[in-house]
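Two complexes, one shared chain (chain A), two partners (chain B, chain C).
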Partner chain A sequence: LAPWIPVVGLEIHAQISSNSKLFSGSQVQFAAPPNSLVSFFDASLPGTLPVLNRRCVEAAVMTGLALNCSINKKSLFDRKHYFYADLPAGYQITQQRVPIAVNGSLSYSLCIDNKMSQMVTKTVRIKQIQLEQDSGKSLHDDTRSQTLVDLNRAGVGLMEVVMEPDMCCGEEAAAAVRELQLILQTLGSSQAVMAEGQLRVDANVSVHHRGEPYGVRTEVKNINSIRFLAKAVDYEIQRQIEELENGGTILNETRAFDSKLGCTVPMRDKEGKQDYRFMPEPNLPPLILYDAKSLPANMNHQQVINIDWIHERLPDLPRVKREKLVEQYGILPEHSFTLLNEDGLAEFFESVVKQTQMKPKKVIGWILNDLLSYLKQHSLTVKESPVSSFLLADLLNLLEKKEISSTAAKRVLAELWKGEGKTPLEIVKEQKLELLQDQKELEQICQAVIDGQENEVIMMVLG
Partner chain B sequence: ATLKDGLRSQVSAALKEGRVTPTELCRRCLALIKSTKFLNAYITVAEETALKQAEESEERYKRGQPLGILDGIPIAVKDNFNTAGIETTCASNMLKGYISPYNATVVQKLLDQGAVLLGKTNLDEFAMGSGSTDGVFGPVRNPWSYSKQYKEKSVPKSHSEDEESNWVITGGSSGGSAAAVSSFTCFAALGSDTGGSTRNPAAHCGVVGLKPTYGLISRHGLIPLVNSMDVPGILTRCVDDAAVLLGSLAGHDPKDSTTIQDDFKPFELPNLTDVSKLSIGIPKEYHAPGLSSEILALWSKAADLFKNAGAKVVEVSLPHTRYSIVCYHVLCTAEVASNMARFDGLEYGHRSDTKESTESMYAATRREGFNDVVRGRILSGNYFLLKQNYEKYFVKAQKVRRLIANDFVKVFRSGVDILLTPTTLSVAAPYMEFIQEDNRTRSAQDDILTQAANMAGLPAINVPTALSERGLPVGLQFIGRSFQEKQLLTVAKWFEKQVQFPMIQLEEVKRHDNGVFQHQQSASFS
Partner chain C sequence: QKVSLEVLDHLEHLALVDFRDSEGVERLQKAIQFADQLHEVNTDGVEPMDSVLEDRWCLYLREDDVTEGNCTKELLENAREKVEEYFVAPPGNIPLPKLEEREAFLQGS
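Let's look at the complex of A and B:
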């Protein structure tokens, strides 16, 4: 049987981190009382007009630059029409014809065969980034035959990031999204917390044989975490392969991932293909961005966005941060991944390194093996760690000065986790874990042991 | 001061000097509205709030601190502008009873300057129409139907016929505003203009109707018909008053991203005496099929007037004029389909009782809420926006629109300052005759002379010129360069002075306006 080649592309919606919405001044806030953050424009009151939020444009430009995109100096807004309870105007304002950024790339890394020591770097092309409005939320109350509509989220700014079908499996998709998440959080353009709906991922999946055209693709929605993303993609690939090998066909449909069952199911049919009747948004002039060269001399600074200015102020992206950690501290590349993967862990590590004489190459072991596994076991974040960087550094100093053995150090750490406020030194004294340095004292103890075990000694001497 | 006085020249002075008070003016207008109720020009009369505003204005005058020329001046607003606390219906079942929580920017500006908002005027439903006959509150009657001038000239066909069935339409869609100004119930009114909706009724009602350059006046709060062509329109009894209103309304609005950023400087109109430096263009395509011989003759006479006064008058060509109606049809219906999508019965407005499903609720709500005209345009528009049709229709129409706009650019670049054209093909038709054809046919016919200015975003103004043989108003249109309202209005004012259009003689007005009459000698232009 010829091998199947799975093809995975992603459409990611990232909620822009801003004070107000994309086209209106109402606030952006998670879990506020229903319909408490709705302006006249958000409610689509007749006669209201969109006004573009500068911060949202800056967020999109930052993200585009971080993803190596070309920023379109002129981009356009369009209306995408459909009727739904959570879309008050009957259309969404988006960028269909000319989006704000195009043709970028994202590099991400994977472990081969689950071995942290073998990491490989892959790249996925970014087709485009477009600005668009988020919709409200509708809750279906079947028992009372009604739909409850909350417009708090209606109009919040989104960046839709489209990743080309360059990925081949769940693991790659998950790693790519994880890296994007880190980038967005580093930039501050989105908080990208999937659990709060700030990052939503839809996967496009198909399979084909080498040399043949791409197969029919399905769209998989309702994926609520990165872990589920990998599962959903892998399940769908498998499902398609089985279907085709059994002589069936793949429908170009939308499927929902059921996290409980671990499978994808067809979504309630949307009555065939929708024609969104795209039309230019007549109330918004083309969005013009400038760079240092094209910036007109006497322009009102408030009214323009300078791409170069933003570029100069981009923070270090995760990739750069990792490289710096490796270079500065001599740790392994895979260590740098783990450090950045856990919120606050890199800062914790650097803080410990500053406060101890122990070499970073040795510190990293304590961070990744001892600290991290303890936190994971107890489902704690770095911020919630009962052992502060100060305490850990203190402990490692004792070890470094050879005042305790490494076995003893682990016992002290175990005690520190209890968070009873004792210092490492106090615990060492309490449990009498000090290393003996005195040669004579050591000889005395050894002699005492040998004296107490005469038979065993004779057996050993005889061989 | 009388209800017939110009704002800047007379009323303002009279108010300042205390010869008349804002409350007096307000009461006179409200009384006249009542006695002219048969015109059906107003949908809502905001009597209580108007009197309150008038009282506050009066206090300011007493303290010697009026806010400006508009302080205390009664005005009316077309019912497609949002007015906080006062019903905004767009003459549609969809918005019957709808009370907006905010004021349109232009309304707010008027109120901030002390104007007294008398009420909301009648229109074609959602501003779709050229007769002001297709709103749910019934048609508006042209005040000239009841004028001495018209009654003298009209011969009843049979003794059973009376004024009741002979009355003529106002034109549309801002017919209520035009009628309100024409019948002296207010000093100025706001209309809207998408394809001629301010200029057309202005011509039929014998008042000044100004369509400003697109982007000059904020559309925030104007319930849109075609976002890329709509402008708030100004209706007044003389050109000077239009300049006053323009000065108080124009300027950048951060809430409307299509308004230009440049500072706008309000201006007073000079009294032009020398037109020898002017070049007037006469577009030959505006000699359109169906143009009445009377209006053609008046247009010709007007051209001669300029020539004899020393201006350069040249024939010009706007070759793409004949495509403007179909082009407009595609673009207008497409935007209508989009703009009307928000009326789903969920957030505001009419909601059908149907409880089967959300979809059926949408369908029933929209069928019950919209009239045939609106529904027809939505269906057409959606058709043109379908993926398979988009290039063929919408994009093509956009290209044709560019050509139409370029026609004007070329002509103005060739040295022409202002274009002179008729505003309408004929005088106001009797209602019974008008409704023989459907809204779409009428709109297509009536918009031909006004529509292209909306396509190109240019400023244009109707100036009442003379009475027809049947005693009904005929107006002529001036079209100017983008943002050159000062030049446009200056020329319009000169022309207004030359033609001395006669004042309407209405019984009702005589009874309510006991002040000193300003008799305008009608220098029989016809």
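Let's look at the complex of A and C:
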């Protein structure tokens, strides 16, 4: 049987981190009283008009630059029409014809065979990034046969990042999204917390045989975490392969991932192909961006967005941060991945290194094995750690100066986790863990042991 | 050229417009004919125009300040039904009758 080649593309919606919405001045906030963060425009009352939020444009430009995209100096807004209760206008303002950024790439890393020590770098092409409005939220009340609508989210700015179908499995999709999440968080353009709906991923999946054209693809929605993304994609690939091998066909449909059952199911309410009747948004002229060369002389600064100015101020991206950690501290690449994967861990590590004479290559073991595993066991974030970088550095100094053994250090650490406010030195003294340095004292102890075990000593001497 | 029943049905689904009777359909066909005159102009190699104001129509950029919202009561005043400050809508989209199911559909259109 010829092997199947799975093809996976992703459409990712990232909520822009801003105070107010994309086209109105109402607040952006998770979990507020229903319909309290809604302006007349968001509710689509007649006579209201969209006014573009500068911060949202900057967020999209930053993201485009970080993903190696070409930024379109002129981009356009369009209306995408469909009817749903949480879309009061009957259309969404998006960028269908000419989006703000195109043709980028994202590099991400994978462990081969689950071994941290063997990592490969892969690249996925970014087709485009577009600015668009988020919709409101529908709460389905099946018992009373009604839908409750909250428009707090309606109009919040989104960046839709479209990744080309360059991925082949759940693991790759998950790794790509994880890296994108880290980039967005580093830039600050989105907080990208999936659990709060700030990052939503839809997967496009198909399979085909080598040399043959791509198969029919399905769209998988309702994926709520990176872990579920990998599961959903892998399940859908398997489902399609089984269907085809049994002589069936794949429908070009939208399916929802059911996390409880671990499978994808067809979605209701999506019968037939949608015709969105795209048209230019008549209330918004083209969005013009400038760079150092094209900067107009006499324009109000507040009305000008300079791509080069933004580019110069981009922070170090995760990839660069990792390289710097490896170079500066001599740690392994896989260590740098773990450091960046945990919020605040890299900073904690660097703080400890500054405060101790112990070499970074040794410190990293204490951070990744001892500190991190403890935090994971107790579901704590680095910020919530009862052991501060100061305390840990203090402990490592005792070890480095050979005042205690490695085993003793682990015992002191176990005591420090209790967060009772004792210093490492106090614990060492309490539990009498000091290493004996005095030769004479050591001899006395050894002699005492030998004296106390005369029989065993005779047996040993006799061989 | 007449508009086929399938296209008519499709349009009604998309726009939630009811063409109702043959007069409505006739009006639709006249509207299409009128718009088709646009095809008589050769636009090869010509960039579509967004506005007659061209470069003079600048997109205004707003500062990222919270200036609106907090008017739940006013917004809900227009709602026919509400439940604890939520708008109430029917469950999901109510599907329109399928083409075959429609009674007394436009005769001889």
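Everything below uses one rule, namely that the second predicted complex is superposed on the first by the 456 of 463 C-alpha atoms of A that agree within 3 Å, B and C clash if a C-alpha of one lies under 4 Å from a C-alpha of the other, contacts with A are read in each partner's own complex, and residues count from 1 in each chain.
By our rule, a residue touches a chain if its C-beta (ideal position, glycine included) is under 8 Å from a C-beta of that chain, and two chains touch if they have at least 3 such contacts.
Keep in mind it's a predicted model, so treat the numbers as computed, not measured.
K.L.:
Pick one for A:279: touches chain B only (first), chain C only (second), both, or neither.
P.N.:
In the superposed model, A:279 contacts chain B only, not chain C.
K.L.:
Could you tell me if A:407 is touching chain B, chain C, both of them or neither one (first, second, both, neither)?
P.N.:
Once the two structures are laid over each other on A, A:407 reaches no partner at all.
K.L.:
Would you sort A:85 into first (chain B), second (chain C), both or neither based on which partner it touches?
P.N.:
A:85 sits against chain B and chain C alike.
K.L.:
For A:305, is the partner it touches chain B (first), chain C (second), both, or none of the two (neither)?
P.N.:
second
K.L.:
On the A-aligned overlay, A:57 touches which partner chain: chain B = first, chain C = second, or both, or neither?
P.N.:
A:57 sits against chain C, while chain B stays out of touch.
K.L.:
Under the stated touch criterion, which partner chain does A:377 make contact with: chain B (first), chain C (second), both, or neither?
P.N.:
Neither: A:377 stays clear of chain B and chain C.
K.L.:
Using the touch definition from the top, say if A:43 reaches chain B (first), chain C (second), both or neither.
P.N.:
A:43: touches chain B and chain C.
K.L.:
Between chain B and chain C, point out the one touching more chain A residues.
P.N.:
For chain A, the partner with the higher number of touched residues is C.
K.L.:
After the superposition on A, what does A:148 contact: first (chain B), second (chain C), both or neither?
P.N.:
After superposing on A, A:148 lies in contact with chain C but is clear of chain B.
K.L.:
Common interface residues of chain A with chain B and chain C?
P.N.:
40, 43, 51-52, 81, 83, 85, 145, 147, 149, 275, 277, 284-285, 303
K.L.:
Using the touch rule from the top, collect the residues of chain C that touch chain A in their complex.
P.N.:
Residue positions touching the partner: 10, 14, 16, 50-51, 53, 57-72, 75-76, 83-93, 95.
K.L.:
Under the definition above, what is the set of chain A residues touching chain C in their complex?
P.N.:
18-20, 24-27, 33-41, 43, 51-57, 76, 81, 83-85, 138-142, 145-151, 268-269, 271, 275, 277, 280, 284-288, 302-303, 305
K.L.:
For chain A, which residues count as touching chain B in their complex?
P.N.:
Of all residues in chain A, those touching chain B are 40, 43-52, 79, 81, 83, 85, 88-91, 145, 147, 149, 275, 277-279, 282-285, 303.
K.L.:
What residues on chain B touch chain A, complex-wise?
P.N.:
Per the stated touch rule, the residues are 81-82, 88, 90, 95, 100-102, 104, 219-224, 226-228, 254-258, 261, 334-335, 337-338, 340-344, 346-348, 355, 358-359, 362, 382, 385-387, 390, 394.
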